[in-house]
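Letters A, B, C, D and E mark the chains in the order given here, with residues in each chain numbered from 1 onward.
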Amino acid sequence: MEYKQAEEKPLLEVAGLKKYFPIYKGILAKKTGDIKAVDDISFHIRKGEILGLVGESGCGKSTAGRTILNLLEPTGGKVTFEGEVLYDVEKKQKITANRMRQMRKDMQIVFQDPYASLDPRMNIGTILTEGVLKHKLYQKKEALDKAKELLEICGLSASAVHKYPHEFSGGQRQRIGIARALALNPKLIVGDELIAALDVSIQSQILTLFQEMIEKFSLTTLFISHDLSVVRYFCDRICVMYLGSVVEIGTSEQLFSQPLHPYTQALLSAIPKTSPKDNKDRIILTGEVPTAANPPKGCKFHTRCQYATKRCKQEVPQAIEAEPGHVVNCHLVEKRTGADYL
Amino acid sequence: KTNNTGSTNNTGGTTTQPAGQTDTGNASGEGKEKILRLGNISSPTGKFNPLYANDDYTAYINNLIFQSLVTVDANANLQPGLAEKWEVSEDSKTITFHLFQNIKWTDGEPFTAEDVQFTLEFMSDKNYTGLNSTYVQQIVGFDEVHNQTAEHLSGINVIDEYTIAITTKEVYASFYEKIGRGVGIIAKHVWEGVPLAEVEQRTELLQNPIGTGPFKLQEYKADQYTTLVKNPDYYEGTPKIDKIIIQVVNPDTAQAQLLNNELDMIRVESLNPDDIKIYEDAGFEVKSNLLNAYQHMVINFNDPILSNKDFRQAMAYAINREGIVASLLYGYGNVANTIYTKEFFAYPGDDAINDYAYNPEKAIEILSTKAGYEYKDGTLYKDGNPVKLTLIYPSGNKAREGAATVIQQNFKEIGIDLKLELVEFATLTSILQERKDDNFQLALLGNGFGADADVAQNVGTGGSNNHSQYSNTKVDELLVEGLTSLDNDTRAPIYKEIATILNDELPVIYLYNWERFTIVNPKVKNVNVTTYSFYEGVETWDIVE
Amino acid sequence: MAEKKQQENGTSLFKVGMKRLKKDKLAVFGLTVIIIFTLAAIFAPFIAKYDPAVQDLLNTYQPPSKEHWLGTDELGRDVFTRLLYGGRVSLSVGLISTGISALFGVFLGAAAGYFGKAVDGIIMRITDIFMCFPFYVIAITVAAIWGSGIWNIMLISGFLNWTNICRIVRAEVLSLRQREYIEAAKALGMNDFEIILKHILPNTFALVIVYSTLGIAKGILSEAGLSYLGLGVTPPQASWGNMLAAAQSLRTLSLYWWLWIPAGTAVFITILSINFFGDGLRDAFDAKMN
Amino acid sequence: MSDTILKVENLVTKFKSSGKTVTAINGVDFSIERGKVLGIVGESGCGKSVTSLSIMGLLDRKRTEISGNINYQGDNLLQYNDKQMQKIRGNRISMIFQEPMTALNPIFTIGFQLKEVLALHKGIKNKKEAKQISLEMLQQVGIPRPEKVLEEYPHQLSGGMRQRVMIAMSLLCNPELLIADEPTTALDVTIQAQVLELITGLKNQFNMGVLFITHDLGVIAEMADEVLVMYAGKVVEQAPVQELFDNPLHPYTRGLLSSRAVLFHKGEKLHCIPGKVPGLTDMPIGCAFHPRCNSVCDECRAKVPELKEVSHRHFVRCFPVQKGDLGYGI
Amino acid sequence: MKQYIIKRLLVLIPVFIGISIIIFALIHSAPGDPYAYMVESGLPIEEKEIQLQKIGYYDSLPIKYIKWVGNVFQGNLGYSIRYAEPVATVIGRRIGNTALLSITSLVVSSILSIFLGIIAAVKKKTVTDYIISVLSLIGISLPTFFLALGLIKILSIDLNVLPVSGIETTGANYTGWKRAVDIFKHMFLPFLVITCTQTASMVRYTRSAMLEVLGQDYIRTARAKGLAGRVVINLHAFRNTLIPITTLIAMSLGNLLSGTVLIETVFVWPGMGNLLYQAVSNRDYPLIVSGTLFLSICTLLANLLADILYGIIDPRIRYN
């Protein structure tokens, strides 16, 4: 995967995004702190690109996805979609609620949990046509026909429109979730851990379907996953998060061939073997696992980093473009640049 | 048999046997204490001062502890109380009481005329917050004392330790009833130092009453029981019963307690023959007294429909009062047609009054011929509109509650749509006291009075119990005239005339008089409850196992 | 065949719940009884031979006979008739008071849960306040002061009992709000109003029904209790509560069984049935079991 | 072989509910040796947990029917009564579960929950001694500041820490056999790596047998010596790990191996097993996998194949494979 | 913990103010005037006016409220009209009786319902479970006063083994042990009624709480450790079940203190419920207002207690 020079404007631009959840304590509900779920992340996605967002559980991937789509009130940062600013917290700029609702047509999300993402009291037809009707894309009857069509594309029978979510298996529900997002013919789609809750044999079905859809509808995609091995071949570029911050961004190739950040390295080495024959040198992380409510000062990873220096404990590392398109936030990289570190 | 004899003898009463140390009390009686257990449906309030207690349940206890100057017997004849005898002056304005000389307060102090004076002056004071100050308003000098410009009532003359003369501004016909019988005398030495405004807060004093009566308070447990022990020094003789315990009971379960021997005696407002059979089968004695009281339907005279006398008479005909008495009272009572009961001296006699015998046809006839109503297809119309009325009635008295529904049904028979509203007693009284034109139309209420015939408060213009707001100049004149004599013989014709007028005019619809029952365990002897006194001769009551 | 049809139409959770409910014998029994009683109450005028308020003072305290199936009361009224009409009153007291509390509870609970923050804070404090009120004390005070007609009883019961439903709905909405399908609806461009209406409230519905069902029982019992204190539905209107209350003396208990056994049994069977049914509903529609 | 700790033969577990009986596992055989890891893989619902719970006797006896033979030291564990089982559980055979977040009792301290085991099986009532042993064990599983952790409650620990505590708890009595039911599924990859390393280390140190259950073939590749592939309550293939990965025979195993997301390449189609795992109540006649199988023959639709050894220590339950009809294998 | 409790207490203040305002407004918006009862009815109008003025009848509602709150803060709850005693004294005399009755019933019914609830949960879907469930449903379906009268009829009248009403045999003047026995005899019937209804409703709760706990993973863990079934239930499951139950019990305490109006009335038990019923019938407004307020605060404190207990029993909250 070669790195393309940025000529056209990216479809989605995220700059300095922050999302803190306040912690209330006691009955007086006094705010005693923040869970810094997303703490200053920046990236962009070009049209037609698939960006993978990886990181361990709780590192803020979902929160980032939701905040970008303006489903959560942002704490800071700026998001631009197709050149239109959704919000710019620092400049106190915000798109109107009405315009936002209109724009939702173009940016859709598929959720992690196939069991919780479908309203159990609605039948599939209603679920699939709800958004279409809201945006007045089709008349009721047409909308239903379109829904049936989509169901078939997604590998379900058209008669499913009369059924209710509980009558489907997890994999089938996930297909419905994808169909719902596709029904609006969006430009950007956020897939939040599409396969995490599914069985092994179903995972590949969904992954295949999703990829087909991306190609078919030429979608720009933000693909969220906790599993580096999944995103490896699926995504054009990968963004690795740790505790609310981006630690490394690059093309999949860059990241897998030359992981720069110690965390990325650990993550890569922790991927289980594909065959018993593989011989891997494991980087076993030690040390305390911090929480987003109380992140360590300096580099957030320093508590578990075997290379951590004094500086890492004090100073937040800045983004460094180690090679074109490969950005990493690590003091070590700064010190001994590029090749000599590798 | 009307009863307007006697009782006006100025020096009434016989001197009862002096209260010597007839009995050395129960000291000798190693045997069991004689305890009488009475049921009371509600708790006394703890205001054991007769000038403050305004509820039956406290009075029930105060009556054993405190006494008044005079009492009446079963026939409303005056009897000596604290006063042995009394005489009336020429102009009937001054009455001189000669007190018994051997009476002691239960703390040992002698009872004297000063206590009487103190009590009456106590009630005259502006800061007296009890409800009975009207009783003494007629005494000369009341206004000065009330406004605190004088210390003593000039109308009271303490002649000597045991003689006191009381003078009223006018002839005060209700003297015996209000001042003589109505005021329980309290001890000067107890209450003297207490500022009047604070009396109701002197719990300590209120709950440790010092009286002259046959019993002394021993223990008061609010909402549970009150224990009284005999006063060995009681001037009419040491009571035979050692102790009376008056305990709060649930009326629904009191019967069981009586039968279970947890109680010896209860007072019951209504009984049915089945109950009586149960009691009698169990060997209990069921006594009944016709009360000097009546149930009636208050009529708002400001209502255009109801202010019409023909309409009121038609209502009286329409209500099946005989039926109410027969079924709701099981015959223990009688239909009332005027304000006085048949046994009262002021009752004009059956012949003199209309009995409004149940007759719905007649009611309809009156309404359509005289009052301008139209009765059509079972509905009564006035000017083309069907007649609709509302009756409010208080909860708490089963017979009365039943009567309301009977009235509703009877009214339906003459085409009147009567709406019923059950309210709590206190709510009803507050509605009635507002004296508004339109806050009610009809209301059911009971009313009782003592041994005196004066009914100015009930039917006199502006009377405090005249909830109908009835006003009749002739009646008002007669009421004034009735007060000008102390002699019931002289007064009787006047009140009879009033009663006759009321029977015709119907300021309220008189419904019925009723009997109250006392159920007594056979082991309790000598009980003789009268219309006027529950504890008649209580010192002679005895318990024989 | 049947299976095919079902497949085409799909089975909503409601249908699944109903299916489960049908298997619950106690619940079916409860529902049957409730339906029978309700029908009897509705069609009282056609079933009863007498007028519930008409008295026959010559025939008081008649034991059951051919004319009077359940005898007559202290005013000679037909007890069976009054029982039917009493059912009307008692059931409607239960129903309407619960309706009031459900309306309040759902509205406030949904608002508190969905909007959170200050709205939630204020509503929850109000709930706290109402939760602390001693029910009977306030009820008798209000009934005594403002009178105790059937409407007042409904209002009192309704206004004092909404807190439970409010809290339950709030908790449910709080958890619903976190569900991904709500977020999905938002992502589709739905506004708050549509989300509450289409996604949140329908999903609290089962819960509200279950608790309301149990609330009806509570309403009927409260009316009976207030009647015992003389503050229930005003006579001559019959309610099971005041029929029972009228028979509270021990004399009645021992001599005139027909004055209290039928009314007592009616209350008891009704409440029991409602509870059976409510329990069944809860089991059948419990979200956890879905 | 004296090295065999546990030998399971023809284990069948049925659940009874409202008159109906469903068979969750239907004839599972295997044996576990000292110092070896037997891995079980399979998709959700195929009976992995039920197998482990059946061995432990943790299923509700009133609602289950277990038959077969679980041979432990010459006795059939299925014949043991509650008391006898209690002596073995947590002592000779211990178990760790999938959900470290909920598997510890939230209201007791870690110390208490550890001590309980010692008191129960080792009769160590002495507080100091118990504490000492607990401390050592916590250290062994790599818990930092173990003294403090002893006083803490489960909610104060992270998921990885809790799983370590669980492991420590299960090892307190030096069990012969450790049953680990998806011990890392709920954990992050980096933590998973730690835990897997830990289990391997401890297994070697204590010379235990381990029954390792997972649905992740990668983890199997890492951990197991011998692998059992389960599908719909039956073992469909059994082989030493290397053999299985090199030469998978059963179509299901092959499907699983080739549909791993790890192998996903952009632009290429990932292999898919079509359809879904059948439910216990709608089990197909014949081979349970046949509706999803691409090399199905008539026999598969009619009969249930036997598990047969097709090459050395490689067993498979598939007619076409056994007959050599498929172009690969044997 | 201390800080937590103080904080909790602080939060009670607005709730307390809310309660007092509502109760106050409720009473004072009554039709007819409550003050009419404080003034002698026979008084001439002008006198009445003066008196009314003096008691503050003409103050506006907020002023009345402020005055009253001011008094309350000085410990002056007002003066009972009916009893001619400070309201605090009147309440003080009753609260002990109510507490005696409700706490005993609560203790017994708690033990009973925990016991039965756990049995029902452990023997889920067996005959035992059904019997317990149906019995508890019957218990909550009976109107309490009805149950009370029925028991009186059977136990006091037909069998004559227990006294009908009251708190002790009046006039017997028992002391010491004998008195205790006597009170116990009187208490038994009301106690039985409350216990029955209370147990009936709590059993259902205990059962479902226990069922929920029994389904938790840590119960399986406990069994996997080799603990005996008895230990698992009595220690691991029970302790966890106790968390929601304790809250329930503490909250029931608040309800019981005031919820016994009916029972106290039937049995003439001299407690708070009976007192307030009397106060209402007699329009003893100061007593109604302060009594209701007092009970509300009891409930409020009971709920607080529930929260605190919750915090003590559940370490997850304790360390938060």
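Operating definition for what follows: contacts are C-beta pairs under 8 Å (C-beta built on N, C-alpha and C of every residue); 3 or more make two chains touch, one makes a residue touch a chain.
These are the chains along with the protein names UniProt gives them: A = Peptide ABC transporter ATP-binding protein; C, E = Peptide ABC transporter permease; D = ABC transporter ATP-binding protein.
As the structure is a computational prediction, the values presented were derived from the model and not from experiment.
Shared contact partners of subunit B and subunit E, listed by label: C.
Of the two chain pairs examined here, C-E and B-C, the one linked by more C-beta pairs in contact is C-E. Chain centres here are Cα means. That of subunit A falls 49 Å from that of subunit C. Note on chain placement: the centre of subunit D and the centre of subunit E lie 53 Å apart, centres being C-alpha means. With each centre defined as the average position of its C-alpha atoms, the distance from subunit A to subunit B rounds to 89 Å.
In subunit C, the residues that touch at least two other chains are 144-145, 248, 250. Annotation for subunit D: no residues touch 2 or more other chains.
For subunit E, the set of residues touching two or more other chains reads 31, 149, 152, 157, 265-266, 281, 283. Those residues of subunit C whose C-beta lies close enough to touch subunit B in the complex are 53-55, 57-58, 60-61, 74-76, 144-145, 147-149, 230-231, 234-236, 248-251, 255.
Put simply, subunit B touches subunit C in their complex at residues 251-253, 255-256, 272, 274-275, 278, 320, 323-324, 326-328, 395-396, 398, 401-402, 404-406, 408-409, 420-424, 426-427. The part of subunit D that touches subunit E in the complex is made up of residues 56, 58, 82-83, 85-91, 94-95, 97, 99, 102-108, 116-117, 120-121, 153, 155-156, 166, 169. Residue ranges of subunit D in contact with subunit A, taken from their complex: 43-44, 142, 144, 158, 160, 188-194, 196-197, 215-219, 221-222, 241-242, 245-246, 255-256, 259-266, 268-274, 276-277.
Of all residues in subunit A, only 29, 66, 69, 71, 97, 101-102, 104-105, 107-109, 111-113, 116-124, 130-131, 134-135, 159-160, 162-164, 166-167, 177, 180, 184 touch subunit C in the complex they form.
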